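Before anything else, here is the set of structures, which you'll find just below.
Okay, so chain A shows up in both of these, paired with chain B first and chain C after.
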Partner chain A sequence: MANPPGVSQQDFSAALQAFADAVGEEWVFSSDEDVALYRDAHSPFWGEENELVASAAVAPDNVEEVQQVMRIANRYQIPMFPFSTGRNLGYGGSAPALSGSVVLDLKRMNRVVEVSERNAYALVEPGVSYFDLYRYIQDHDLKLMMDVPGPGWGSPIGNALDHGGGMTPYRDHFQAHCGMEVVLANGELLRTGMGAMPGAETWQQFKYGIGPDLDGIFSQSNYGVVTKMGFWLLPEPEVVRTVSVIAPRHDDAGPLMEILSNLSYSGVIDSYFSIRSPVLHGPRNAEFDALRARGSAATAAEWDRHAASRNLKFWQASLTFYGPEELVDARWRHVRERYSAIPDIEFDDGATYRFPMTAEEREQTAEKGALGIPSLDTFTGRSAQNQDVADGHIGFFVVVPMTGEGVLDSLKVLGHEFAQSNAGVTLGTFGSFHLRTIMLVCMLRTSRTDPEQNRLTRIAYERAVNLAAEHNWGTYRTHNGFMDFVLSKYSFNDNALSRFHATLKDAVDPNGILSAGRYGIWPKSMRGSA
Partner chain B sequence: MRTRVTLCSLAVAGLAVCQVSAQESVERGQQVFDVWCAPCHTTGPGNSGTVALEVRYQGTKPAALEARTDLSPDLTELFVRNGISIMPPFRKTEISDADLEALAAYLAPSADQ
Partner chain C sequence: MTSRRKFIGLGIGAAVLPGLAQAAEWSSMGWTQAGEFGRLPLYKAIYEKAYVPAQGFAARMQQRGVVIHGIDADITGVWFNDLALQWRRRPVAIAGLTAPAALFCLEQLAWDHRMRVAFRATHMQHSDGTIEHRIQAPQTLAPQIRPSLDAEPGWGASMADLAMHCPLPGTSVATELAVDTRVVVDDVAVEPLVSWVIAPVNSA
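Entry: the complex of A and B
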């Protein structure tokens, strides 16, 4: 394993002993065997010299121990890398952004501090997983629905801090948080919003408290260790209904998106929706490849003939409604009326789920995500239909305009690029994980046995990020190994954003010990040399 | 829950301490299984581990781990700490050594099988 850069063996040993004194010997891991468990199982650099690896791990049980650990790290100048549950697979997992960092494993801090059914919120520690919170809600028979991302073993705190999303009206997890507790790099404890007022009962009700809204600087950053966070929950609705709108032609993309955007901005649709093209998403054939290779020279009429030859409709938008059944009915009726202007439009009334659901119904449903039920269903492994399974993936979610052109152009441009890459990229749907936003979901394969696959993936990823930037599309999140590269695309005014990040870093973490390199933010001593 | 009888409780039937600790270990093992393994390795929709093992074994072995009779403690520990395919390794802050031992006991072949 790597040693912390710039730290003598003597200081490292002294720091590890001090960590052990603070959290207990059994919760400091420094043997090669134990530290190997912190490797990123989905790393596209697996087994190579530049794989990002830790030097050791320390796992505090409570906030006081986190404070002690940060003070020790300052004393010995040890680079620390905190994570919540370490399951941010596709974006780095439990590995640091700087090799040789000591990972601060917060998994043991797994207390559900409070869940209020009356005011529909939860206050949790970082080691609490979506599974844990769900179990708590079910065990206490609370009429509340969580919002969950794909993998349920992740942490509400970790996922929100990396701007993850789900499907319900509270699907933007960072926006749906309210109130933070943060251990700063120097070990000091901070509470944001109403939490700054000792004894306030509104910490999870009113985000802003008084003064600047600080919470955003603790997401996708390295300015503090978040040790508690509040989250708004949805009162269990009367029904959840999943429906679809199917538009037959290539040029329906424009009106499909225009109406969808307007319905979303108006609040008629207030939760996740997705768009996919049964034609452009594939499966491919020779005619499809030839058409796509011609780019904008291929006409809509040619695409429509191609779709007709394969008996495919061009677009499908999937929506979900939550609430009282009469309101859900009214919303769906309104959506159908708005779309009736598109010739030959079709509607699928989908499925309706009524609450409360029995435990068996919850277990058996294939639409767990829409119902706020955590699962690991997103990890589709080997199956009869899919024998060629990757060991892992990295995510590339591309933010594109909410327009027909945005959808059409990004699907064709990135679809063509990935097809050329031979990296086996999966092109997913466009998803609205955040308000007023759609992202094209692309998943790139990684391997723990095939370095060539990882090489192709890295090339495909970098080419796609560059190509997207040329079209003014950016990604919202990235793997540890590409953070500087992705940040470099956010370069307005001579990288003013990055320079401001650095100014903040130097002010709140002068020794530069916290998560060096995370999202391209480096301490002064490492800037320019990383 | 399936019933498991450990080697310890059969072979040293007169030693109450051993019986109790073995039974507790198996019960603990089931709890560990329910939390950490069940989301992928039971039956029902979405259990990607079970689906993958169905394809792998083609009916020669049960796909759901709790139905297996050939999972030695060493094998369980190997997969938990090393992962395989899309299954990552699990850290000791997730499944401690003691919990892994209990899990391995829970999944281990029964003495009467």
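Entry: the complex of A and C
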């Protein structure tokens, strides 16, 4: 067992004993075998010197114990790294951003504090998983739909704090939250929004309370330990419908995106949509590779001839509607009317799901994500997004403009880049996980048995981040091992953002004990040497 | 601070002892008679329905009185409807012959309940008809591994026998073997398969 950086053996031992006194001896883990369970299963540094690993783990059961742990950590200057359920695979999982930190395992804090069917919200602790909340809703026969990310074993709090997303009208998980309870680095307890008014019944209704809206500073940061969080839920709709719009030509990207953007901004499309190109996402051949290698020199006509030779349409936009059937019908009719302006456009009416669904229907549907049903089916086997489920991946989701040029340029530029890489990168679809935003989804393989794969992946990831930045595209979320690097691309005004982060850090965590290095935010004592 | 955790089948009481006929069969294969170590009581055996060796694994488990559950790659149903509830009440041992993804998910979820993989075998099928078995198992199982892989009706059933004989407390995973067997291939697995046992950790 190695000591946390900058901490003497004497202080570390004393701190571990103090943690044990606070939470119970059985909930402090320091053996190599136990601490190894907190390794990042998808680490691109697996088994190497640079792999980020914990020195010990503490698992409190309640808010008071978290407060005690923070006070102890401050007393002995122990770097702590809190996580919810530790399933942020692809972004670091339960491993700390600073190697040697003590991880604060919040899985025992797994209470569903409240679910209001009438006001359509839930208030949960960090150890509650999507599966847990879903079970609560089903067991109490509540007519509410959750919004879920890919795997259902994650935490609504953890996922929202890392800006994750799903598919329903509440797909932007951080935007869909309302109210937080936070333990600060000094052990003080804070409630935000209407939670700051004792007894207010509107904590999960009105986000802002009075004064500055603080909640954002606790996301993708290290300014506090979130111990409760409210989430807005969707009243169970009458129907959910998944449909597609199919456009045949390369240059249809422009009008396709212009109409889609307008429909999204005006609320006609108010949930997740995706855009993929059966041609540019499709299987490669020599002609495809040659066209893509020519970049902007390859004409639309050449691409269209290539698509025709493979009997492929160029674009498919998939949409989802939620609500009363007559409104869903009206929205889809309006969408078809708008897209009829594109010659040879095609429509697929897809599937309509009616509620309530039976247990068998919920279990057997292939569209669990769209229906708010948590699942682990993302791990079921090789797919375009998940080439090797046996090991893992890191995510590279690139925010691009919601325009035809944004879609075409990013697909061609990054597609060509990844094709030259030996890392086995999967180029995915464009997804709208957040309001007014699309991201190109890319997955880079990691391995627990092949260090060369991980080396190639790290190179490919850094090249992709650099290339994206050259085109003014940024990523919205990143793995612990790349946080400084990614933050360096957000460099406006001589890195003013980073300097402001540091100012806040020094104010709220002067000893720098919380999640040092998370999203490039370092305590004063470590800045410059990080 | 040192760990005081030991590896046992927590909460499952005494080992299940075999009947006479069963003991004789095991003895012919070199299995130790009950009394030295017995059979690990298993709550459930999970198998990948699509693959013949996994079907053999399940058949053997069922023959030995273990409840079986077939999956089509996705463990969500057995996790959410069964194991998540059971493990919250009381951690119990399970075994399986599945694709690696299923074990990955269950191993991650098992850690939350202080459980570990006690036995792990990877079975990789090569284009020349051989199957390479890489087995991580307690040392006490080592003498039975090679003979069991060649036994009828097939290695899937053999993995069930090995899983059921995964020792009780005190034996750490200490052996890793690689064994090639030549089999008639009429069922080509797209990806490697894994056999495994997940069992609770004692906190005493």
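What we mean here is this: the second predicted complex is superposed on the first by the 518 of 530 C-alpha atoms of A that agree within 3 Å, B and C clash if a C-alpha of one lies under 4 Å from a C-alpha of the other, contacts with A are read in each partner's own complex, and residues count from 1 in each chain.
Please note the rule applied: a contact is a pair of C-beta atoms (placed from the backbone, for glycine too) under 8 Å apart; a residue touches a chain by one contact, two chains touch by 3 or more.
Bear in mind the structure is a predicted one, so any value in this text is a computation, not a measurement.
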item	value
Clash or fit (per the criteria above) of chain B with chain C on chain A	clash
Touched partner set for A:A366, first chain B, second chain C, both or neither	first
First (chain B), second (chain C), both or neither touched by A:F131	both
A:L142 touches, of chain B and chain C: first, second, both or neither?	neither
First, second, both or neither for A:A59, with chain B first and chain C second	first
Chain B versus chain C as contact partner of A:S375, first or second or both or neither	both
Partner chain in contact with A:Q17 - chain B first, chain C second, else both or neither	second
Which of chain B and chain C A:A351 touches, first, second, both or neither	neither
Partner touching more residues of chain A, whether chain B or chain C	B
Touching partner for A:H42 - first (chain B), second (chain C), both, neither	first
Chain A residues contacted in one complex by chain B, in the other by chain C	29, 34, 37, 41, 85, 107, 131, 152-153, 363, 375-377, 379-382, 389-390
Interface residues, chain C side, partner chain A - complex	1-3, 5, 73-77, 79-80, 84, 99-102, 104-105, 108-109, 111-112, 190-192, 203
Interface residues, chain B side, partner chain A - complex	35, 39-40, 44-46, 48-49, 51-52, 54-56, 81, 83, 85-86, 88-94
Residue ranges of chain A in contact with chain C within the complex	13, 16-17, 20, 26, 28-31, 33-34, 37, 41, 85, 87, 107, 131, 135, 152-153, 363, 374-377, 379-382, 389-390
Of chain A, residues touching chain B in the complex	27, 29, 34, 36-39, 41-42, 57, 59, 85-86, 89, 93-94, 105, 107-108, 127, 131, 152-153, 363-366, 368, 375-377, 379-384, 387, 389-392
